[in-house]
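In what follows, structures are represented as structure tokens.
Two complexes follow with chain A in common, the first pairing it with chain B and the second with chain C.
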Partner chain A sequence: MNNKTHTPLFHISKRGALPWYAAWAIRGGALILALLLCALVTTLVTGQNPIDVYITIFKGSFGSSRRAWVLFQNIAILLCVSLAVTPAFKMRFWNIGGEGQMLAGGLATAACMILLGGKLPGWLLIVIMVAASILAGAVWGGIPAVFKARWNTNETLFTLMMNYIATQLVAFFIIVWEVPKGAGQIGIINQSSEAGWLPVIGGQKYLLNITVAAVVCVAMHIYLSYTKHGYEISVVGESENTARYVGIKVERVIVRTMLLSGAVCGIAGMLLVAGTEHTLTTTITSGRGFTAVMVSWLAKFNPFMMIFTSFLIVFMERGAGQIATDYGLSQSFADILTGIILFCIIGSEFFITYQINFRHGAAKED
Partner chain B sequence: MKKLLALILALVMSLSLVACGGSSNDTTAEPAADNTSANDETEAPAAEEETEAPADETEAPAAADVKVGFIYLHDEQSTYDLNFMNAAKEACEALGIEYVQKVGVPEGQECYEAAMDLVDEGCNLVFADSFGHEDYLIQAAKECPDVEFCHATGTKAHTEGLANYHNAFASIYEGRYLAGIAAGLKVKDMIDSGEITADQAKLGYVGAFTYAEVISGYTAFFLGVRSVVPEATMEVTFTGSWYDMALETEGAQKLIDDGCVLISQHADSLGAPSACEAAGVPNVSYNGSTIDAGPNTFIVSSRINWEPYFEYIITSVQNGEAIADDWTGTLSTGSVELTDVNGAVAAEGTAEAIAEAEAALEDGSLHVFDTSAFTVDGATLDSYLADVDTDPAYESDTEVIADGYFHESEFRSAPYFDIQIDGITLLDTAF
Partner chain C sequence: MFDFVSFIPRAIVQGIPLLLGSTGETLTEKSGNLNLGIPGIMYVGAISGVIGAFFYEQSAVEMNGFLAVSIPLLCSLLGSGLMGLLYCFLTVTLRANQNVTGLALTTFGVGFGNFFGGSLIKLAGSEVPAIVLSATSSYFCASLPFAGKLGWFGSIFLSYGFLAYLAVVISLAAAYFLRHTRAGLHLRAVGESPATADAAGINVVRYKYGATVIGSMIAGLGGLYYIMDYTSGIWSSDAFGDRGWLAIALVIFTIWRPDVGVAASFLFGGLYILHMYIPSGMNLAIKEIYKMLPYVVTIAVLIISSMRNKRENQPPAGLGLPYFREER
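Right after this comes the complex of A and B.
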């Protein structure tokens, strides 16, 4: 190191707390930038007018009442998983096993529908399904938690690996239950009897799922902000040593929180299998367990904010899909657009936390 | 470290800002340049409200009567879906029909949603290409009785009793048989030239699942080979997925390492053809020519040409005629095709031998599953109950052997030949 003072062209420093409107202005700016970039890429590739592109994105979500329902259904499931992983994240426990916990819940649900369908009254079957999915999800989330609490294993790797085990387990049972023989798929379960299908309320297929997600959202907010458990989670998340010092049993909190996290994921899996899909595939979760990580983080673990962030992600995904359909582009193009959007949104968080100071800029003043 | 990461992130962000500002001027000049891909959207905008048209029986098939929606499992990266996409484009352009395509639709609720969405967009004919789409298409068909739903490879239309839901497939086993003859001639060539001995005449086959469609395909292929090289044997491995590049490459490699001298496949990626090209082992392909992936190993490929079916269903809707519940394309409808033989790899006289067998299949003097051509556990089969009506218990319901051959694709379009014949070894049957 030489002693000459070297001033770089710019340097980055951490911001103080930004007022909420400034933070949201940056986020809004990122969204606009994302839309601009998407329009630009689409225009370059397809030669469409960018305004048409925006209209197409909007059409993808609100083009018909059916699309709007599908949008809200997708938001509901994503929100449910995001809420599920949130308590763990607040505790600084990196549960990226939402995928596996959902699959475990879905598998338990499908098992009940296939093995008990037609043998029990409808309501009893659904009660058993709910219980089974909660139990399965909780077990899948609880295993890594116990290992973390007892032997301090790495929960990120552990929960990730549990995803693969769940996927393979589902693959195995698909072969067991496949119809017709050798086809490698189950098809719609109980298509004629509809045994174990969640009831349709208000004549709308997706209303039940949306309602459940809304209830979970409110309940999670109350749990995290107004209960002793929620407080313990925050303390453990801030500092395990502090938590120990004030007499919180950290191991217990970890296991308890992960049981809850897994259980809610299990419910999400049940909603998918019994509520809408009525089948079981290894890809039934469509990566929601991972997307949920982003939803939860972007919302700063605030359940109500998650409604907004999950809306944003689903809205853009469906818009991108619509662009692919309308302009005859492959699915990869939709993925590119989603990638651009997420890049901008995540990038905006950087500018909220840090600021760039240029050499001859206003930086001197602070 | 954290700071460095932050710096890189900031740099990328600001660069993208610059890139955005810099090139946005170009956007106004761009639209005219690349309009071809958008053409099919703009062609027939006035077709929205024509769904009741068939009712007035005018017999004048105006092109605007039909708008077709296509649902594909993957996109054009999959040889299977590409085969459908090409046929859809050809048929719709030939008939001047407006069409919409949805790619990458999984075999779940998304298929139902895609189908309903296409109906909302004014499609009065919806087609889905993957086996697992079936149940969801049936669900949509029940809700939209005015719209025709057609599905490739499905098995349920003939038992479902829905007037607007239809299955289709082709007697592709005949195509496989012909491709097998090409493979047999190649192996014979290798034996005659002393490259291998007759007892090394072992072929390999990469299958997706132990599903009737796959079993029917590889058995037909094998019988084609045996019609030329009677002492040939075959090993089959399964990937447990219809489309998995890595698993298919691995599967083909395993067979090659096992001493297989020629590989064929029934799975939809370029995995097996690429592995064959890398190892210099001849390959008989499926779904269309893969000569680009294997210029030095590709012999021939069988494929289903879906264009005749698409033209059939479109004109049926135009004319207000009923679509068959279960439609089987054949060699004579032009639905079962072989690509051009790759002269650089194939044995001499391959094209002639194929043409000869094709004529015999068409006039009925030759049957692929002739019971005198194969044995099961050492015995000739004279009776077999197949599972033609799909049910969760896999119940066998229909006698399919008569007049000395197995009647494939006659009781329903989707294959139901699921017998393990002698001479074929299954390496793994987990799927």
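Right after this comes the complex of A and C.
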């Protein structure tokens, strides 16, 4: 009998808990690799030397105080959406409808600004706007959750479809409210009266948005880590059966968490419409609902790490935009660089969770 | 009177990219991979074909019909196949989360498409003002010479380029493959329960890679059809729009059956352009509501199929879930 057994060249096994600094060292290594790859690609496309590439990227983000404020404003909105989708993800509910929930919130805000602007005192209008956007976002996120809880309808696909329904709804109202008739766009809402515009604090137009995002960030951290709700979300995410066994009402947790998730997305939509753009378009969210999924996942659902990951994404986007402008290339260059970074970090997670054992290593143990 | 003779061909032309995209995605999902990168892959399929055709048109003195078709076709297959391979490498080999990987692939793919679509001319240092591949496109659009003489029959059934017929053949072949061949049975087993399939001696990794890469190539052809046939070889940024997501919607709508997809894609194509045919007078806003139809219909199907909870109408049981042999 042949008792030679075939040993594969290597086998993969799960690591024990890796100390946090080693895990972040691996992620940092992946990030450096990604930045090198980005520089390589940029050099190939533009012929600029890699050092200059980084200088251009840095200038694109921090070149002037206005650029820096725009950078922080973009980070704030992205952070807000990322925080919004996080509780759902912790529950293993794949909410990729952040886009639609933001649009719903933005639409509600714009509706208040257009229909009630000038008829109510400013502070009351803003209170109503906030309430309306929260409600709209929550409804948009709640619908798929109810069906998931009751009939286990696939939430990934449901929330995805809700995005496009929201887009078309916005398109519908843009034509209803277009100024002037036939323009196909709303233009700046309440330009002269500034009714419903979020107040400027500290002399900086974007400071309020940034403050709101920071508050949401801290609140979300407390909610997820230190409250009963947050605990229930974690248990449902780890194992629904366990949750049922210990008496958690899984259906209720799913719906409640998605209402919250949608509501925070709605707030992000309100910040965009009332705080930054003062108008409504179908592309106002510019894919942030999808980017947020990646930002949240890259940060391992940790609200404070999300500040860093959203900074990274926005920083590269603005920088790549600058390169594209300088060389007369398409603005989509940013998406390519973002993609490269994402691929590297996604791939690196493997080396944090698993280790590769080579054959000779196993032979020694015998 | 509703003008069916002009409506049906336009609905079908709209439906073909969706059909190819959904057939590819169905194959992929049957292996348990929920590839949300399909929209990006379709962009890459389109732009790879465009790049191939662009350089061929620039270099060739005399265009050869066979080369003019096969170069873009091969480039497109290569581009989208590589995207599928990347997805598999990350999700199957490196065990990354499928949703995150898929969305990253879409970000990258759409960016890749729009970037080269917008910058190809500048990068190639060429003199032409815009990417217009009408010569290549004429080969892709060529329909049977006698189609025009057969009146309504000719325009409804025979007026399309070869890729449209190929799309229908691919879908029917995929349906046959899934339901009537041993490899198809194995593939379904992998998607339903990879652990069981593994225990039965089926190579799970190979099936996942195979189905996803081939599925991506088929989806990429959808992008190629759109650019070469539908828009006659003219690239404009973001023109492909949300069709990739609509293709994913179609997979649900057809409850994972590529043969149903043939009729369903034409229906979706029809819903997509219905707003142009419904007389709405001066009320342009209502057209935007009609554009919502494909998505509303998809959600309805999603809800109804989950409520009825019939076994054969469900998504593959292992869809979106990673499989690692060591973790059972």
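As a working rule, the second predicted complex is superposed on the first by the 341 of 366 C-alpha atoms of A that agree within 3 Å, B and C clash if a C-alpha of one lies under 4 Å from a C-alpha of the other, contacts with A are read in each partner's own complex, and residues count from 1 in each chain.
Keep in mind that, in the parts below, a contact is a pair of C-beta atoms (placed from the backbone, for glycine too) under 8 Å apart; a residue touches a chain by one contact, two chains touch by 3 or more.
It should be emphasised that the depicted structure is a prediction, and the values quoted were computed from it without experimental measurement.
Touch criterion met: A:G47 reaches chain B, while chain C stays clear of it.
Of the two partner chains placed around the shared chain by superposition, neither chain B nor chain C is touched by A:H221. Once chain A of one complex is fitted onto chain A of the other, the partner contacts of A:G347 extend to both chain B and chain C.
Of the two partner chains, neither chain B nor chain C is touched by A:R244.
Of the two partner chains, chain B and chain C are each touched by A:I175. Residue contacts after overlaying the shared chain place A:Q191 against chain B, while chain C stays out of touching range. When the two complexes are overlaid on their common chain A, residue A:G339 makes contact with chain C while staying clear of chain B. In the superposition on chain A, no contact is made by A:R15 with either chain B or chain C. Applying the stated contact rule after C-alpha superposition, one finds that A:H229 touches neither chain B nor chain C.
Looking at chain A, you'll find residues 12, 45, 171, 175, 327-332, 334, 347, 350, 354 touch chain B in one structure and chain C in the other. On the chain A side of its complex with chain C, the touching residues are 12-14, 45, 94, 96, 147, 151-154, 156-158, 160-165, 168-169, 171-173, 175-176, 287, 290-291, 293-294, 297, 327-336, 338-340, 342-343, 346-347, 349-350, 353-354. By the touch criterion given at the top, residues 34, 36, 86, 90, 94-97, 99-101, 103-119, 122-123, 237, 242, 245, 248-249, 252, 284-286, 288-289, 291-292, 295-296, 298-299, 302-303, 306-307, 309, 315, 320, 326-327 of chain C touch chain A in their complex. Contacts from chain B toward chain A in the complex involve residues 3, 6-7, 9-10, 12-13, 16-17, 20, 23-24, 26-27, 30-35, 37-38, 40-41, 74-77, 100-104, 106-109, 113, 116-117, 120, 131-132, 134-136, 138-139, 155, 208-212, 214-215, 240-242, 387, 390-392, 394, 418, 430-431.
Those residues of chain A whose C-beta lies close enough to touch chain B in the complex are 12, 33, 36-37, 40, 43-50, 63-64, 66-67, 70, 171, 175, 177, 179-185, 187-188, 191, 276-279, 281, 283-284, 286, 324-332, 334, 347, 350-351, 354, 356.
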